[in-house]
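One chain, subunit A, links the two complexes that follow: it is found with subunit B in the first and with subunit C in the second.
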Partner chain A sequence: MILSAEKKRELWQNYFGISLAKDQIGVALAGNPNVGKSTIFNALTGLHQHTGNWPGKTVDNAQGGFQYNQKSFLIVDLPGTYSLLAHSVEEQIARDFLCFANPDVTVVVLDATCLERNLNLALQVFEITPNVIVCLNLMDEASKKNLVIDVPSLERELGVPVVAAAARQGQGLIELREKVFQVAAGSLKTTPRQIIYSYEVEKAVKELLPLVEDIAASNALSPRWIALRLLDGDRTFLKSLDSFLSHEQTSPLSWEESKCAL
Partner chain B sequence: MRGAERIDPLTDLSPGSVCQIVSLELSGLLRRRILDLGIVPGTLIRCIRRGPSGDPTAYLVRETLIALRNEDAAQILVRKLSNGEECV
Partner chain C sequence: MCSMIPSRSLSDVCGEAESVRQSNLHSFSDQIVADIYGNAEQITRHVLSKKENKRIGFDHRLDDIVTSMWFGYPLMLLLLAVIFWITMEGANIPSQILASGLFAFQDQLTLWFQWIGAPNWLHGVLVLGAYRTLAWVVSVMLPPMAIFFPLFTLLEDSGYLPRIAFNMDHIFKKAKACGKQSLTMCMGFGCNAAGVTSCRIIDSPRERLIAILTNNFVPCNGRFPTLIVVTSIFIGGALIPYSGVINALVITGLILLGITVTLLVSWLLSKTLLIGEPSSLVLELPSYRRPQIGAVIYRSMIDRTLFVLRRAILMSAPAGAVIWVLANVYVGDQSILSTVAHALNPLGQLIGLDGFILMAFILGLPANEIVLPILIMSYLATGSLQNFSSLEELRIILVNNGWNWLTAINVMLFSLLHWPCATTLLTTYKETGSTKWTFLTFLIPTLIGLTACFTLTQVIRLLGLV
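And now, the complex of A and B:
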């Protein structure tokens, strides 16, 4: 499930308009709206980007780099979304980037003051990529509300590193950089918790998997996620997948077959 | 003693009162949207106020204020809570 570095750089450039330098590590920053994603982005990169709601359909104006442990990182700040199941242009941008760009690490920023609402997005990201770090931001706000979060337990439940942060105060950023580095280097393994759906859904997924496996493997996509979206009948996803595959020109026959099978 | 549970559409909720989501009689993208906003069976929801013409209505769900069209809220079924259970 890993693209060659060269292929990835080509993909980022041609498909997303982002220049990933040679040996640079690509990091995606995802999260609900208003969780302090841009604060984290600015703190990590030293930029002062004022990102509001994004106009247009590209991610190329929300990127910045930083150096850590003699490694170069490029962070892409995705638009804030509650979901990746594409109701809006923002969700579609975030989904397409996470799904097709194959970032080395994805940081999901969650609002510690309303975890319940925020975990929905984290679980969706977990279905797309295993290389995830959860950043629990606004911990200062949470303690003002007398909320205590058991970070080690959350980490165990989610199966990914959880970094507690208060980005406005500059707290947690050193640890976040270190964890991003470790996950990118492969020294920190992640096993994000996967949602098991009802018997019927799981059965249908199992039937679809053989049909999408080839295409998933040759493009570093998650076969399970593709199968689930096909079952959703999500037309925007089919459209993105079609345009991505025709762009990549690696579309094997089995893809046409699996579409017919639906 | 518990009587037969009364199930009402969310639109019957008056400002200030709280109820619990029982089911969503919605389908497709709108259903997905409502679920993504954290409105799932079992969730407590408080009616905050109605718009000037009675539509849309603002609801508090998991500490976030969400406005729903009455047309959509009518498809969300809820169970009224007895006193003492009210805490959103």
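And now, the complex of A and C:
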């Protein structure tokens, strides 16, 4: 289910404290820590930034805008995380935003020098949201380390556009903007690769799917993803989901910090 | 968004999901993480090529052995035991040389004090109190530290510690704690306060608290010398032919006990105060490196040995002076020291210690390094004022004050399992921001230590072994 633009603006404002202008395209920027995410964010937005905190959290929330092809974009810089399995507040924030805010495009920044570890996060993002672009940053560092990455075949493997970049040198940013525009406009289709789990997990997911279908459908969430989190026993997600569900039915600003074990 | 009320409420779904989750023997969350990595690895294999690197091949083969199921743990224990063995074998002779030198200087100091006609009390406070404690700390603690810390730093520098964490991850998982806790635990061997601070690397607040609360169960720098000295005197000394090996095994055993208690308490906390499931640990093993000898010596000597020694001296010299005063100021016909020790004695005896030992532990709250010096000072100040230049003489002092092997074991047990030092408590307060958790950090090890010593003592006495 796709949110109407009006509903989405309301949701972003009330639930995440982010003002999305009318007809503005919302872009989320995700990635591991230290992959040059901020460099890319700064290069794309220039001086059009402002920072605050995520509602109720002490984690920085940076947003910035840019214009491209007569379209206005708002980039939300998510906290740098290694995964979305929500062991930390940062991971919770990143996950909740991708999961509930439905950004029009999500850019996942990967460190080309340790592709395998970084792909982990990308694959997890793929499970949550379909419109993803992978930005393979630090290509210069990778070639210094004698690493050769076959970008076209990575693109085929992942099913999403892959932009090779060296953001500190300003390489790849023009292409990245263009791809963000194309995906937002719908002229570039993405079919992100879904993780194939081992037999036991897949079997358990199948068992759970009918149970979560209602909740998933009424909240524009992936049922498979909810089933996986239930298998994880991930309490923070269930709390976030619960608070999101009750928020949807009651007044805005009921976003409360989902208290972990404390 | 049209939120229709779901036909099944979230909590219903959770309940049903829980039964599916429990149906599997293995943890689903571990499997899920492993599968995500499997997928990432598969993709990477298809798209990444690099020039072959021989070192990486070597590292992989070494890791296969070091982190294997069969060799991982024995190798870990063997390395620890060897380090302790070298430490205790090597420390004896330098200890004696240092002691004879420093105590010869004490006699010289006494002569000078007499020559300038200083009053007796001044000589007592400064020479018999402060200087003698200081000499004791330096001669007994410096040699083991100067051997142990470089060896440990060598292990650290070679890249072995992350492998330890890797090996230990699954038992910490079993205790429902985070695998990273094995790293913070290793940090605790250096200093518990540093160990508590390092718990920041653990993301989940629940697991971080568990790691903070249990960090004190591994002996820190300040407690190692006490353990090493007491073992050398009482345990190995009794079995002369293999004393070195036995000593090393005893210390290794004590550390194992500390780790076992860590795991047990972690598990208990996860079942009671801090309920939850463990999160998965992803650890990148760095490549092995040839340790840089210069850096190892610098780090172990300056950062550790001298740091600990300085703290010990700063704390023990004044403590020595204060204790001399307490031992020589009389209220009625008893010195203040004896009065306090006698008051503590019943409790001390109950747990196989005595009043003086218990008092030394209490006065050692600012720094664990000074527990043994305080103890020796209080024994010496009340009894005959002999000097000692070797562990054998130290043994005689202790035996004259009623020590036997059970006392020694209880002292080691209590040293391993008692309240953390003041610095660690302060750090815990800073990290948790809560008096409740700080108090628990104090209470849990203390209760465990009291119980352990009490039980052991009563059982041994009941069996008539002492």
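Heads up, the rule we're going with is that the second predicted complex is superposed on the first by the 236 of 262 C-alpha atoms of A that agree within 3 Å, B and C clash if a C-alpha of one lies under 4 Å from a C-alpha of the other, contacts with A are read in each partner's own complex, and residues count from 1 in each chain.
Heads up, the rule we're going with is that contacts are C-beta pairs under 8 Å (C-beta built on N, C-alpha and C of every residue); 3 or more make two chains touch, one makes a residue touch a chain.
This one's a predicted model, so the numbers in the text were calculated from it and none came from an experiment.
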Contacts of A:Tyr82 with subunit B and subunit C, given as first, second, both or neither: both
Which superposed partner A:Leu158 touches (first subunit B, second subunit C, both, neither): second
Touched partner set for A:Thr113, first subunit B, second subunit C, both or neither: first
Which of subunit B and subunit C A:Leu230 touches, first, second, both or neither: second
Partner chain(s) touched by A:Leu188 [first = subunit B, second = subunit C, both, neither]: neither
Subunit B versus subunit C as contact partner of A:Ala204, first or second or both or neither: second
Between subunit B and subunit C, more extensive residue contact with subunit A: C
Touched partner set for A:Ala5, first subunit B, second subunit C, both or neither: neither
Set of subunit A residues, in rising order, touched by both subunit B and subunit C: 82-83, 85, 87, 114, 116-117, 120
Contacting residues of subunit A [partner subunit C, same complex]: 1, 3, 7, 11, 82-83, 85, 87-88, 91, 114-117, 119-120, 123-124, 145-151, 153-154, 157-158, 193, 195-198, 200-201, 204, 207-208, 211-212, 214-215, 218-220, 227-228, 230-235, 238, 241-242, 245, 248-249, 260-262
Residue numbers on subunit A that touch subunit B, as the complex places them: 82-83, 85, 87, 113-114, 116-117, 120
Subunit B to subunit A touching residues, read off their complex: 29, 32-33, 36-38, 62-64
Interface residues, subunit C side, partner subunit A - complex: 1-4, 6-8, 10, 13-14, 16-18, 20-21, 23-24, 26, 28-29, 31-41, 43-44, 46-51, 203-206, 209, 274-277, 279-280, 282, 284
